[in-house]
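Take a look at the structures listed below.
The two complexes that follow have chain A in common; it is paired with chain B in the first and with chain C in the second.
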Partner chain A sequence: MNSVLADKRAIAILLGPALLVYTLITMVPVVWSFVLTFFKGNPLQGFDFAGIQNFQRLFTDSYVHDAFWFTVKYALLTSIGQVVLGYGLALLYMFVLKKSSSIVRTLVFFPVVLPTVAISLLYQKLFQSAPNDGLVNELLVNVGLSGVDWLGAGDTAFIVIIIMDVWRSMGFYGVLIFSGLLDIPEDIIESARMDGARFWSLFRHIILPMSLPILFASAIFSINGTVKVFDSVFALTGGGPGNSTTPLTLYMYRTAFQYSDYGYGSTIALLLTIMCLLITLLLFRSSRRDNTL
Partner chain B sequence: MTTAHRPRAARGLLLTVGALSVATLALAGCAGGGSSAPEALTFLKNAENTTTEPILQALADDQCAAQEETLPLEISSVPQADLDAQVQLLASQNGLPVMFSAGGNPAEGAKLWDQGVILDLDEALTDLGVKDKIAPGAISTIEKLYGGAFNFLPFQYNIEGVFYNKALFEENGWEVPTTFDELTALSAEIQAAGYTPLSASGEQGWPLTRLISGYLFRDLGPDALKKVADGEAKLTDPEYVAAAQAIADLGAAGYFGQNVTSLDYDAATNEFLTGKAAMIYMGSWLLGNINGDGNQIGAENVGFFPYPAVEGGAGDIGQYPANVGLPATFGSKTYTPEVGEWLKCIAENYGNEAAEQGQITGFISDVEVEQNEVTATIADTIATSTDSVLWFEALFNAKASNISSTNAALLVTGQISAEEFMGLVQDALDNP
Partner chain C sequence: MTELTAPLSSRRRASDNPVVKLAKRIPAFLVIVFLILITAYPLFWMVINSLKGKSDFLDNPSYALPEVWMWDNYARAWEVGNLGTTITNSIIVTIPSLVLIVILGTAAGFALEVMIWKGRGGVLLYVLAGIMIPGQMIILPLFTTFFSIGLVGSLWPLIIIYTAGGLPLTIFMMATYFRAIPREVFEASTLDGASILRSFRSVGFPMVRNAVLTVAIVQFFLIWNDLLIALIFAGQRKLNTIQVGLLNFSGEYGAIDYGPLFAAICITVGGILVLYLFLNQRIMKGLAAGAVKG
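On to the complex of A and B.
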């Protein structure tokens, strides 16, 4: 095997096809998109060289600022929700439900496999306010509160998006973190119990420190996914009302494909790429430190 | 392990991989190149359009059966919001279908015309001897919208105004308003009687911006928005902001009902057709619903009046907003004599088939069909109207159009001011 891997031609043959496919389907579009950031136009009308105009615009465009902060807020809150509730679920599976947790795990995991659009439609109906109240408003009215036009204002629509995406993914993080908890040696927990550790001190001093690596990896994994949110927001609110729930991905899509400005759309894509790159670097650094990945 | 000692085999493998890559690239390059003679009459339309397909299918089964034999009709749909982008991508790849609908923004359709990828229907229909089958009013509307040329077929031809519940009006002694102030006063009475005065979909946005443009045309004259498009006026000018303010005031008074932001198109229509709302501003395409089974108030109880005048305004109540819906056109590169035969057959028969199905289009119809009062009123108005106006977003770019419709609900719910709304749209016009 060593002789094979020492031969450069063998390495070229083994790596060549995968590298070629990767280059064609990933690197070529990335480089192409980067080149487009210096142009203005679209495939139909052609492209004009725009120098650094697109970058200048990126810093002065209030829609980019709004979309950037929406993306950051959404990514942070959703990731916290997904990981914290996922951790809660994992602890529930591990210490409360134990061997009978499989049915609950399956039920909570179920939304992960549902199509995003179906979930968005479900939430539209749940939080509906016109022409008839949905289930949530019905409940509010029944307890003496007034109904809310949930998707009619940016703040409340944001809350619905967060609830929906946390609900949709927490089952996945529950299973992911549960697999990490299973790696905690049973004898350590047992000996802590024998030393008199009750639930809170057991959790605080044994379970939490030992599950930090999987928690940290889950958080990074979650943020990397939520920064690129598109489908759930697009299907639930379409970025509205106004642009109050428009993430960078949706603004990029609109700019490139609806407003026919591929150059500026690519510049927004570059901003998103840099965000993802920074998060990925963080991921690699943490994996080196913790040796978890 | 012998791999390292077989350079020939390795070279052969590398060559194979290289050849496969070249073939893949070549195939990728060829994909979408559909400008050879078409084998079917492919038609890409917006999924929301449910009226064109039944007529074309009826023609394919009957009057255009010979053409159907040569080029079978194949219809596919994409959501309206994606249609412009889809068509432009296909055009840039030389892969346009034979026939396709325009997207929501006429400016995007005009771009296709400028690039020479769509057919000059003036020339084609004159050659085929059937240009007289298209109503002159429809041709003039298309020329106003799509780059100054007759390049789209008016599969729909609509005028817009206010549909009202006649029975409710008679019962309460309400008069049809002729001025905007009367409309406002009437709305207060309707609201006091427990009905929604004006049903409108804030989720769609455009039913609200139509009210702004209506006010502008009545107040500042029919060229109010043309001046904005030409840069002679700004939406942020006080007289333009006043129009947005007038509509915002209707919203602030609650005349659009509760939670207008979340009300979608079907729900807004149903509010009117189930008698919960007394009026709805809409295009004549609503006749399909009015004459359909879902109308609980009865077609005979629906009346139609034009957008009221603004006192002291430069506009005229007889200037109806007119549009051709989402018209369809033909790709210039896929236009063959066989496609021409289809075009001729459509031009000759579409108007009559549509009339039999209860639709009003921009095609001439010479069949007598029985019409109820509201349908007849609209048909007469179209036939006798001498001047028309467009709608709020008609001359806007795609970005301004999107910003206008997505922010309209915020305007009428007081989440943004009239100045802010007009400022946002003007900014999108200035920085497309």
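On to the complex of A and C.
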């Protein structure tokens, strides 16, 4: 019987095209990019062999240093924000809104599907300070504080980026974690309640421990996405002012397409890929444990 | 006593009193109002500002309603923002990519999960590796190649890259869905003389129709909202996708023409809103299923 399902020709016809496209457009370029890290130049002017110069430069380049730490700081803070607020939302859906949570869930999820560019432009206007104040500064002025030039300084621009990315994806993590909470057996919660457990101790001793796997998986998903941040930063601040909000992805883009240094660009991309690889290994280890995938 | 009459609704004594009960709902109610406010108000704010004239925007608070409702902003946004072209480009790129991803990805998922052969575990792992690879690691060789064979200047690079980029996650998801169908179903269908290819087409594919829609939704948003690949391969004005077009419009006119810029953002958001109104439950489930692709 198995001979039908082991038909070599059928396997080749079904799998061949996908494997060919994937290999040519993803895996070959990855290897090619890796080779490029040992060269200097670009397609128009040609390439010169550079040995390990690009790697030496990578470890001493203060821009890479800044971009790396920006990426790490951004990824950690945004992921914490997304998971903590997402968990808050999930608990709200589960224990407060219960059956009627569908409308709120649907509404809070909506920003997730919106184009990043559109959201970034909207946030530019919300946090605008010149020529006239945007909504946020108007609110600050109305409660007696002074307006802030949000996107004019690195620290405040960083805050705006994080607020924006948490705002637009907390609904997603709310739904993701909510679906994990649904797996907690209801009778466990019920029987603890019958024993007279108050919400706080119910939460601390039963709900929180039982939601740790889904929280952990969500955190990894989140870091996996945030470490590759490009669109929202590119459209909101363009990496500025100066280089103060430039993540590795954007620095790589600039190196390759503005300074036409493909070799060094590939080296930065390799650093990024290694970061993603490490995160993915974590992801698969965690998913094997709790079957969230 | 209450335990007997309403064992589920009143487990705590204090909540027997209706006033206390109501008071207890207030914090939750406030949280919900706050949530709706921070989600919906920025979008509402965007709509009212898309209808304001320039002096209205500069002279009055941004939360005020427009003095004169400038519907004309939308016409100008459409024209100056080149929206007709950019939306068309996005559609031209997205639809073929989605069709290719679904067909190639489902077939590959079937071959990897239902068919029995040596080495499929290794191949699946090889494909899965693609999920983590950032776009930055592949764009330089691709740009070099597409440039030298003369494809830069058309929308082909986008279609090709989006298709390849969507495959790993799609194959992974489809393999997961096929795992839920017993192999006997396919074996039984081949007993009637159908080849396994035919059995894939007329039995396997229809059985995972819902999964196909889920996968298509995930990929639609990844492709439609992409900026990186589109910036590099669709930089020319006539090739701009909606995201690049919007960004360029903001760069050129955003500092002077607020109304039309807001209108252009509203148009972009509006199309997605309509889609979301019809498919929201599916979209939420689908995107959660594809969470691994951050």
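In this text, the second predicted complex is superposed on the first by the 268 of 293 C-alpha atoms of A that agree within 3 Å, B and C clash if a C-alpha of one lies under 4 Å from a C-alpha of the other, contacts with A are read in each partner's own complex, and residues count from 1 in each chain.
Throughout what follows, a contact is a pair of C-beta atoms (placed from the backbone, for glycine too) under 8 Å apart; a residue touches a chain by one contact, two chains touch by 3 or more.
Computed from a prediction, not measured in an experiment: that's the story for all the values here.
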Contacts of A:131 with chain B and chain C, given as first, second, both or neither = both
Inquiry  = Quick check for you: in the superposed arrangement, does A:117 touch first (chain B), second (chain C), both or neither?
reply    = second
Ask   = Of the two partner chains, chain B (first) and chain C (second), which one does A:108 touch, if any: first, second, both, or neither?
value = second
Remark   = In this superposition, the partner of chain A with more touched residues, chain B or chain C, is C
Request  = Please work out whether A:202 is in contact with chain B alone, chain C alone, both, or neither, and reply first, second, both or neither.
outcome  = neither
Query = In the superposed arrangement, which partner chain does A:241 touch: chain B (first), chain C (second), both, or neither?
reply = first
Message = Looking at A:43, would you say it contacts chain B, chain C, both, or neither? Reply first, second, both or neither.
response = both
Task = Could you look at A:259 and tell me whether it touches chain B, chain C, both or neither (first, second, both, neither)?
result = first
Message = One more residue to check, A:10. First (chain B), second (chain C), both or neither?
response = both
Inquiry  = Quick check on the superposed pair: does A:84 touch chain B, chain C, both, or neither? Answer first, second, both or neither.
reply    = neither
Overlap of chain C and chain B interfaces on chain A (superposed complexes) = 1, 4, 6-7, 10, 13, 17, 24, 43, 131, 257
Ask   = Hey, which residues of chain B end up touching chain A in the complex?
value = 1, 3-4, 7, 10, 13-14, 17, 21, 24-25, 81-82, 84-85, 88-89, 91-93, 108, 111-112, 114-115, 117, 202, 257-263, 267, 270-271, 397-399, 402-403, 406-407, 409-410, 413, 415-416, 432
Note = Within their complex, chain C touches chain A through residues 11, 28, 31-32, 35-36, 38-40, 42, 45-46, 49, 57-58, 61-63, 104-105, 107-108, 110-112, 114-117, 123, 126-127, 129-144, 147-148, 160-161, 163-165, 167-168, 171, 176, 183, 186-187, 190, 195-197, 200, 221, 224-228, 231-232, 242-243, 246-247, 250, 254, 258, 261-262, 265, 268-269, 272-273, 275-276, 280-281, 283-284, 287-288, 291-294
Remark   = Note: in the complex, chain A contacts chain C through residues 1-2, 4-8, 10-11, 13-15, 17-19, 21-22, 24-30, 32-33, 36, 43, 89, 92, 96-97, 104-118, 121-122, 124-126, 131-135, 138, 167, 171-172, 175-176, 179, 193-194, 218, 221-228, 230-231, 234-235, 249, 252-253, 256-257, 262, 265-266, 268-270, 272-273, 276-277, 279-280, 283, 293
Request  = Note which residues of chain A are touching chain B in the complex, please.
outcome  = 1, 3-4, 6-7, 9-10, 12-13, 16-17, 20, 24, 42-45, 128-131, 147, 149-153, 238-243, 254, 257-261
